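Next, two complexes with chain A in common: one pairs it with chain B, the other with chain C.
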Partner chain A sequence: MPAGTLARTAVVTVLLLFTLLALPQLISLYYVDTMTQVGIYAIVALGLGVLVGRVGLVSLGQIAVLAVGAWVAARLLFATAQPYPVVLLEAGLFTMVAGTLIGLPALRLRGLYLALITLMLAGAFSIVLATTNFPNGGHGFLGYNGSLVRIPPIRRPDIASGDPAYFRYTVIVAALMFLLVLAHIRSRPGRAWAAIRQSESAALAAGINTTLYKLWALALASFITGVAGGLYAGAVHYIYSIDFPAQDSIILLAVVLMGGAYSLWGAVVAALLLELLPALLNNWGVPADWLTILFGLGVLQVLTTAPAGLADQVPRDLARLGRLLLGLLRRPASAGSEAQ
Partner chain B sequence: MPSWQDFQPFIVTGLALGGVYALSGVGLVVLYRATGVVYLAFGAVGAMGALIAWSVTNAGGPGWSGWLACVLFAAGVTVGYGMLFGPALAKRDPLVKATATLGLLLVLFGTMDLLWTTSGGESRALSLPTDNSGFTVGQIQINWTQVIGLAAGVVITVLTALFLRHTRLGTAMRAMANDREITATLGVPVRRVEAAAWLGCGVLAGIAGLLLADMVALDATTLTFLVISSLAAALIARLRSIAFTFAAAIVIGLVQNMLVPISSLSNYSDMTPFVLAAAALLVLVRRRVMTSSREES
Partner chain C sequence: MIEIAGLTVRFGGVTSLDSMTVSFEPGTCGLIGPNGAGKTTFFNVLSGFVRPADGSVRAFGDDLLSMVAFRRARWGLRRTFQTEQAIEELSVFDNVALAHERSRRAGPSWRHDVLGAISFVGLEADPRARVSTLGAGQRRLVEVARAVVGRPRLVLLDEPAAGLPDDETENLAAVIRRIPERTGALTILVDHDMSLVSACCDTTAVLDFGKLIASGPTAQVLRDERVIAAYLGTAEVL
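Entry: the complex of A and B
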């Protein structure tokens, strides 16, 4: 293994161990819940990052996919006694099949039209969800009973019923999803995606089945987003359709672009922007609307000047700042030597 | 199944709403043809304009000053955005241009939530003086705002068609829709033509915002995302023909409102624009008509 990769693996392992073992002890329960949401949305951002950064597809419907995953998981958790990982897998598979079926005709559309059709479908879906509601322990196919007096909470896995334990559970599942995506990027599909992003015609000429690999990316993104939906169901215990407002898919795209769609770190940055920042501001009594404005400006800034996002730009800017400071420190000395 | 009598009032509201969708859709199509930008912040600009109009009239200003403020604001923001970010993104993919307008949408959305907070549960309403007077046809009450909605749609569509066909500026816009570079080579002041397109679109956004705030609700989220309905009409017309946009907008408005009295579908009536647009896109792509010279480049 090259030294760079080794060092990077070591850093990631240490960070992961710190997050799993030390972090829940250090922060209050409020922030444990927030960090659980960060873990969940990191997976969602990762899914959108695969689409935007790897294949060049923009989806404005990822929050709808998350909501569907949460719906399916909640329904299964109420109806069956299946182990939690199985439910997560089923939720993921359901959104994967649904996403692929929708994607099959939509993938023939060019970039802009695909983005707009996902916006349309997400809008249609949010209206359906607002009417059917999320399962709350009722009976029937929809599992919703509006006149229920005591609504049972959506259950969590037995090994992770407490908040810190569920946080650890979320982090482990998120890490697995990141590994799954990494495995794809490092192998044949990743190379095919890179070729498609550069030029679809060139990829086609090189013998790459572009439709297959685009669909593959859509299936992968839908799958992990569905799994994230399953995690969401257990994390919040009660789900309402107003938890997934229309603007969230747009804000998600904004933070993914700001975080940087080309690197896996970007997904983590995006989730921190999306979930941790509002929680911090809430604690300080600052309205979260400032963030919406900031994200809007961030999109404009990223699209006009920094296509690779914060995860790429900040280290580069810091390095530049470091060089600048070093230069300033050296200058008096060199200026002195010139004078002599 | 409700009787014909039950449908009649919804035909009126449907036509009025369709008219406003049409005038928004025409604005979106003209801007897209001239600049290649799908202006997703159209609804947000109109919404903020309407909220400003509400504030102006609530502070005691006469009605017309509020409407003027709304249109001026929408036009100003739209032209400002176009001048600031249009040139920087001119050579980028249409997808990037559309995504950038989402940035503007978020900025306006956050600002509206901050300045006109809805947390207290207070509801605002913007009513035009034309709401209270009207006439009856048969047994249906029709107010003048509804007439204005449909009439505005018709007038804007016809005027835009004439403008594009018979004026210098309109010809220049059509030329830009075909090829920006060649148009520039021919000596057309590309930037100025683009500014005119942004201005027109902004004025329409302001008018649409006022009318929709009166007909639907004065609410930032609702108005911001109503742009999707107008966009649906524009998409059905493949972002090209304004006549088709008008027809599609009227159909969307009618279907959406006529589903309301059918109790089993009532809750789903707002899905109409999304479903129609998605279906239209999928059908059109089967016939492979989505690739015009502009999008290929």
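Entry: the complex of A and C
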């Protein structure tokens, strides 16, 4: 293994261990819940990153996809006694099929038109959700009973019923989703996606079935977003349709672009911006509405100065700052040697 | 060999190829003509990017037009583009592997084949280097390596020497000349550089306004009066 890869693996392992073992001990329950949401939305951002950054498909309907996963998981968790990982898998697979079917007609569209179609589908879906509601322990296909007096909470895995434990559970599932995406990017699909994003003609000329690989990307993004929906269901215990407004998909695209759609770290940065930042502002008494303006400026900043996002820009700028400081430290010494 | 019969392409009211009938024999063949003559359109028809209004293309006995674009590549059709299309985000190795890992003819020695193609085109870059770090000439060579890796049957080179300095063009000419003997592929070269075409091609076909105006041994074709007229214009005095 090359030294760079080894160092990177080591850094990721240490960070992951810190997040799993130390972080929940260091922060209050308020922030444990917030960080659980960060873990969930990191998966959602990763899914959109695959579509936008790898294949060049701009979707403005990812929050609706998340809602599908949450709905399926909630329904299954009320209806069955299946172990939680099985429910997550089923939520992922169902969302994968649904997301891919919706994407099928969208395959002929790109850019603005695809974005518009996905936004409209998401809008339509949120209307459907508002009328059918999320399952709340009722019977029938929809599992909703409007006259329930005491609504049972959506269950969590037995090993992770407390908030810190559920946070750890979320981080492990998120890490698995990141590994799944990484395995794709480093192998045949990743090469095919890179070719498609740069030039569909070049991809076809290399024998790549561009339709298949676009569908594959849609399927992968929908699958992990569906799993994230399953994690969301257990995290919040009670789900309402207003939790998934269609416009959140636009904010999601903004933070994914800010974080960096081309790197896996970008998804983590995006989730921190989307979930941790509002929680911090809330704690400090600053209205979270300021964030909309901040995200607007942030996207502008990223698109003009750092197309690869903060995950690429910040390390680069830090390295430049380091060199600058090092240069400043050395200068007096060399000036002194010249004087001699 | 490839037999083209009555190939016609129309874009709205413009006829880009006008019942083109020609056959290409094994070896390296040139395809020349002034700008807008239909050379790239012809390549795009072969690649499956443009659907012809009429005509047929038989390559080594197979009906090329009945296959979708990516299947033609797997069948053994490879090409380079007028504006070079090496994939920036991928390494040199992955760029070449991209075409080879999907070819039906890739065997267990495919990694070896990829490295072989990179050294065949004379690319002196680390195979692990990202294409975005390479210069223009090296990127061209990556694209050529992608076109010749494994056992292609038909290689289309669309102005591979465009924008290259003279010494790099000479190296490229040497590579192009050796493609048929190394891979057994029939190679068609489109270029405006007549010295490159004469150096590489035994036979040459000439297109003008979508019509085939000459074909045959290169030296003979380049002396043809109609060809000279097509390039330089006629000396009619009004």
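Some points to look at:
One rule holds in what follows: the second predicted complex is superposed on the first by the 322 of 340 C-alpha atoms of A that agree within 3 Å, B and C clash if a C-alpha of one lies under 4 Å from a C-alpha of the other, contacts with A are read in each partner's own complex, and residues count from 1 in each chain.
We adopt the following convention: a residue touches a chain if its C-beta (ideal position, glycine included) is under 8 Å from a C-beta of that chain, and two chains touch if they have at least 3 such contacts.
Not measured: the values here are computed from a predicted model.
Once both complexes are superposed on chain A, the partners chain B and chain C fit side by side without clashing. Residue contacts after overlaying the shared chain place A:257 against chain B, while chain C stays out of touching range.
In the superposition on chain A, no contact is made by A:279 with either chain B or chain C. In the superposition on chain A, A:16 contacts neither chain B nor chain C.
More residues of chain A lie in contact with B than with the other chain of the pair chain B and chain C.
Using the contact criterion defined above for the overlaid structures, shared-chain residue A:108 touches chain B, although it does not reach chain C.
In the superposed model, the vertex angle chain B-chain A-chain C (Cα centres) comes to 80 degrees (nearest 10). In the superposition on chain A, A:131 makes contact with chain B only, not with chain C. In the superposed pair of complexes, A:188 makes contact with chain C only, with no contact to chain B. Look at A:205: by the touch rule set out above, it reaches chain C but stays clear of chain B. Measuring only between alpha carbons, the smallest separation of chain B from chain C in this overlay is 12 Å. Shared contact residues of chain A with chain B and chain C: none. By the touch criterion stated above, chain C contacts chain A in their complex at residues 47-49, 69-71, 73-74, 77-79, 81, 85, 87-90, 94, 97-99, 101-103, 146. Partner chain A is touched in their complex by these residues of chain B: 38, 85, 88-89, 92-96, 98-100, 102-111, 113-114, 117, 221, 224-225, 228, 231-232, 235, 267-268, 270-271, 273-275, 277-278, 281-282, 285-286, 290-291, 295.
Against chain B, in their complex, chain A makes its touches with residues 58, 105-106, 108-113, 115-117, 119-121, 123-124, 127-128, 130-131, 245-247, 250-251, 253-254, 257, 287, 289-300, 303-304.
For chain A in complex with chain C, the touching residues are 188, 191-192, 194-195, 197-199, 201-202, 204-210.
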